[in-house]
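In what follows, a single structure is set out as structure tokens and then discussed.
The first chain written gets the first letter, and so on, giving A, B, C and D; residue counts start at 1 in each chain.
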Amino acid sequence: MSRLAFLGPHGTFTEQALRSLPESRGAELVPCAGNPAVLAAIREGRADAGCVPIENSVEGAVPPVLDGLVEDPPLVIVREALLAVRFALLVRPGTTVAGIRTVASHPHGIAQTRGWIARTFPDAEILLSTSTSEAAAQVARGEIDAAVSAPVAAAQHGLEVFADDIADNPGAVTRFVLVAPPGPPPPPTGHDRTTLAATTENRPGSLLGLLTELAVRGIDMTRIESRPIKDRHAEYWFHLDCSGHVAEPAMGEALAGLHRRCDEVRFLGSYPRAVGSAGPAAGSGAPAVPLSVAGKSEFAAAEAWLAAVRTGGCG
Amino acid sequence: MSRLAFLGPHGTFTEQALRSLPESRGAELVPCAGNPAVLAAIREGRADAGCVPIENSVEGAVPPVLDGLVEDPPLVIVREALLAVRFALLVRPGTTVAGIRTVASHPHGIAQTRGWIARTFPDAEILLSTSTSEAAAQVARGEIDAAVSAPVAAAQHGLEVFADDIADNPGAVTRFVLVAPPGPPPPPTGHDRTTLAATTENRPGSLLGLLTELAVRGIDMTRIESRPIKDRHAEYWFHLDCSGHVAEPAMGEALAGLHRRCDEVRFLGSYPRAVGSAGPAAGSGAPAVPLSVAGKSEFAAAEAWLAAVRTGGCG
Amino acid sequence: MSRLAFLGPHGTFTEQALRSLPESRGAELVPCAGNPAVLAAIREGRADAGCVPIENSVEGAVPPVLDGLVEDPPLVIVREALLAVRFALLVRPGTTVAGIRTVASHPHGIAQTRGWIARTFPDAEILLSTSTSEAAAQVARGEIDAAVSAPVAAAQHGLEVFADDIADNPGAVTRFVLVAPPGPPPPPTGHDRTTLAATTENRPGSLLGLLTELAVRGIDMTRIESRPIKDRHAEYWFHLDCSGHVAEPAMGEALAGLHRRCDEVRFLGSYPRAVGSAGPAAGSGAPAVPLSVAGKSEFAAAEAWLAAVRTGGCG
Amino acid sequence: MSRLAFLGPHGTFTEQALRSLPESRGAELVPCAGNPAVLAAIREGRADAGCVPIENSVEGAVPPVLDGLVEDPPLVIVREALLAVRFALLVRPGTTVAGIRTVASHPHGIAQTRGWIARTFPDAEILLSTSTSEAAAQVARGEIDAAVSAPVAAAQHGLEVFADDIADNPGAVTRFVLVAPPGPPPPPTGHDRTTLAATTENRPGSLLGLLTELAVRGIDMTRIESRPIKDRHAEYWFHLDCSGHVAEPAMGEALAGLHRRCDEVRFLGSYPRAVGSAGPAAGSGAPAVPLSVAGKSEFAAAEAWLAAVRTGGCG
């Protein structure tokens, strides 16, 4: 992978997450204007892969990314990264409290620091920017007084950190995923996640049937979102994260079951769970309870028994 | 198959059922004293296969046969036959109504004609025999006056039919099965039955879990019985008949699922359903509703999709 | 209750079970020829209640009793008794081994001692009687040489015990129930059993739906039997025993759920579980796991919450 | 209700939705700075009720509203309104194509017109505002050139409509809800919706259990969202919309079941479904299939049967 797309400009949290991945070493990083643009760059061949946020421990799922993943042509997730999101207030050097009358950030940055801003600058005007890094650039250009941004953006834009760790819920973690065109999934590590989306008939019990396909094979589901399908009233894509890898029998059987049951299933990738970091993804990926029905050895034993029975052994 | 065991003596309903099967042509038929003796003869190599009743449309399951099937070494069902059970009252030639003071039959024969006997011979003494054919032999020996038996037993024992079709519920059908040591099952015909037994943890919901393994793969269950496990208080073998064949993906996957979930699973055979005859087996074998989730083509399509996804196709 | 019916003649296991119940004190015990006759005597007002066997730890359910319970007019179970079934071989005083050439019993008595008889008297002729007590009477009358019977029948018929405890599976326990016309059920004791029967559409998943009504309310099912419905091909009554009492919210809600879902539901009684005795009924009535979802206090709390929410409280 | 809060300033879609409700007649409408501020105004008694958007047919759920609804003290939904969201591009009178270099709107307005803007003004700079109405105000003040806004905002701010119906997905509908402190819910109309949120143990199958409580009572679920619980890793509020009213037996029983099963359940209101309007809410509120198990008459019949059984009737 030599060209990797991300939400620009340089200095965004997405770039930070992308740089934490081994794939970024030696790669050309291509900033794009928006997450949909990142996915488009991959689909159109202008990038070999791209990094997008998919879930935040405070804000929840990132809807445009979920919606973009199920568009055509298909894309799959090949890796994930967890990033502790730390917000700082950046100003031009020498700015005083009295000089801060306008504060800008990406809507997510504003949402996560709204309480702090209201307490600290009750009279400041709040403005929205297309990225936290763009907000910092606006401060550098003198258009606004302060930006809620990643601390690293200070150096990039010649600003200074007026206040650090200003998030209302410290410890927020965002899960980013590296997305690429379909190809053989990374080999199973034993601690993998599988992401998928499915649509099903809109009638009572249809979601229950879908979840039963997972539960009966002991698959642990760690996230579910419903997203309306554009132009189809009252129909939804259900987006799910599960523990396990498509190469494993339990997950393979469950996916085949979903394929038979659902109107459409999108396999969105099997990839190693990010570790060594707190956060929603790591937390929800480590099931509170081991596989309820059977692990790999039970699946193998059952396969061996079935093969014997089918060929006339006594089982 | 050259030696086939059955419940003797000659003239029983079991012999009639066995003679209706193609396997009986040219075979030596070996009468045994009781259904357990039939199963023992197969297990001990004194017979190559044997015929036993498993279910009657009026009387229900035949418990000693169910219990015998799950003993060791394993046995499997390779074919089934449906027999309309028609009872007649057999007497010595010249017997008059006034001369019928004792009536004998196998307990099942008595149970299915009790109303008719009570109305016709309210004062007769009822006696039990070890088979309907043995009752006829007792009449021939002059030990009792009348036997409830198959009409064919009249010729065998030099008796005459005093009254025919005397069952309280006319149209009773008994399902018989041909049992043999394990071997490759008969090939699927598209109208097959699979018989199995399973034990599971004795806790709320465990039977529900077992049935979910079938339902989630669209397997139609046509019979269920619970039988206490000897020497284990409050534990049961669940005996099930299902539509489908172990060679088919849906049934294979369901059996493997049961193997993972249950303490013990006994595969008791996949074999063609008997047709051209009314009765419980034919009736319950023809599911009122087609497979609810998926048929063979959907299973094949799901397998193909899964293989593509696992190797990097776009699914 | 002044007139209580039971399977006669005097000396049967059923009479023993009936005499163990407080209801038998001061009552007139009415012997009947067969369990169906016991049920008929209650339905026709010739008895106020009656005792019938419903389940044996070795032989399983007693089909004619199950079938008889769902006939009309309705009957309900008001009490149960567990009886350790101990078989003895009874002979006329002075009988020697060489003098035992014929052995008789009720089919269940023969079934449970078959191995012992075959080892001890390999050449004896086996005969069937309508009850174990009747077999003892036949010995007393000199018609046969030995009877498999309850030890208590020896005194009744002037016989002596040739061998005691001859069952192939010692420790067999039979569960008997006292049946009466519908009336207010005995009050809950906290250790109750509810017996019911239900029919449901014959389609894949219908039994699963039925069991889900129980499981979702945490009801523990301790026995299930399917019995063909006379004259209706491939349709079944499912007979169930559950832990709990109809007066309790969980059981009431589950029964109401079954009533909505099933073609027909028969409430066959809520009554105290028999205790102080080993056996299948006691064993299976003591759930291995406490109610999985909720006990009484959770039901009460949920009712209170719902009432608050419905009237505008904040829940 | 005399004081009703909404997302201000005047001219927002939320105000339009609120004005469509009968409760707005004669009421004082109180503009607030953000949806969280609307909820706070109700909780703190500064407003008697308030209007917030909960779901958009294109953008999906509105996360801060979902999160705000489950905070304390409790609030409930008492009514809903559907509003067809029609976007127009508003400019100062006389503005020409060449004069449009900056375009502003609320992030949702930008998201839903991004394609049209990119095609029509590929070189325009996109800016974000805190509401569509505020964007119009910015145009009026001369700070930016054009606003994506509701057409009604033109008159309010002295602007003119440069282009109307510019949404990329025409036909988008937003569902708004009127929220108030707990009180008796509006009486059932037969076409009601119940909104609730629940948290459950984080283990395989727990969501399945939650949905089974609904499905087993035939409750149709029309929306599900999972939202991370702040400060609790890997735990979620599941937000659900269902068809039916808390006063009905099926919904009451299901809610009580959830109360027993879940760590916490929030009843968020039963209220009439909005009709006469296309859109996701109307569509998903009209179940594709009638109640699968039982309707009101079956619930009533089951209650009557249960009452009879409990008091000794024959059921």
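One rule holds for everything that comes next: a contact is a pair of C-beta atoms (placed from the backbone, for glycine too) under 8 Å apart; a residue touches a chain by one contact, two chains touch by 3 or more.
Since the structure is predicted, the reported quantities are computational estimates derived from the model, not experimental observations.
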Common contacts of chain B and chain C, by label, are none
Looking only at residue numbers at the chain A/chain B interface, is the share used by both copies over half or under half? Answer same or different. same
Distance from the mean Cα position of chain D to that of chain A, given in whole angstrom: 25
Mind checking the centre-to-centre distance between chain A and chain C? Centres are C-alpha means, answer in whole Å. 60
For chain A paired with chain B, centre-to-centre distance based on mean C-alpha positions, whole Å: 57
Using the touch rule from the top of the page, what residues of chain D touch 2 or more other chains? 212
Determine the shape of the graph in which chains are vertices and touching pairs are edges (line, ring, star, complete, other). ring
Given the complex with chain A, which residues does chain B contribute to the contact? 73-74, 182-185, 212-213, 216-217, 246-247, 252-253, 255-257, 259-261, 265-267, 293-294, 298-299, 301-303, 305-306, 309-315
Quick check on the complex: what are the chain A residues that touch chain D? 36, 56-60, 63-64, 107, 111, 114, 126-130, 169, 171, 201-205, 207-208, 211-212, 215, 218-228, 230-231, 233-234, 236, 278-280, 283-284, 286-289, 291-292
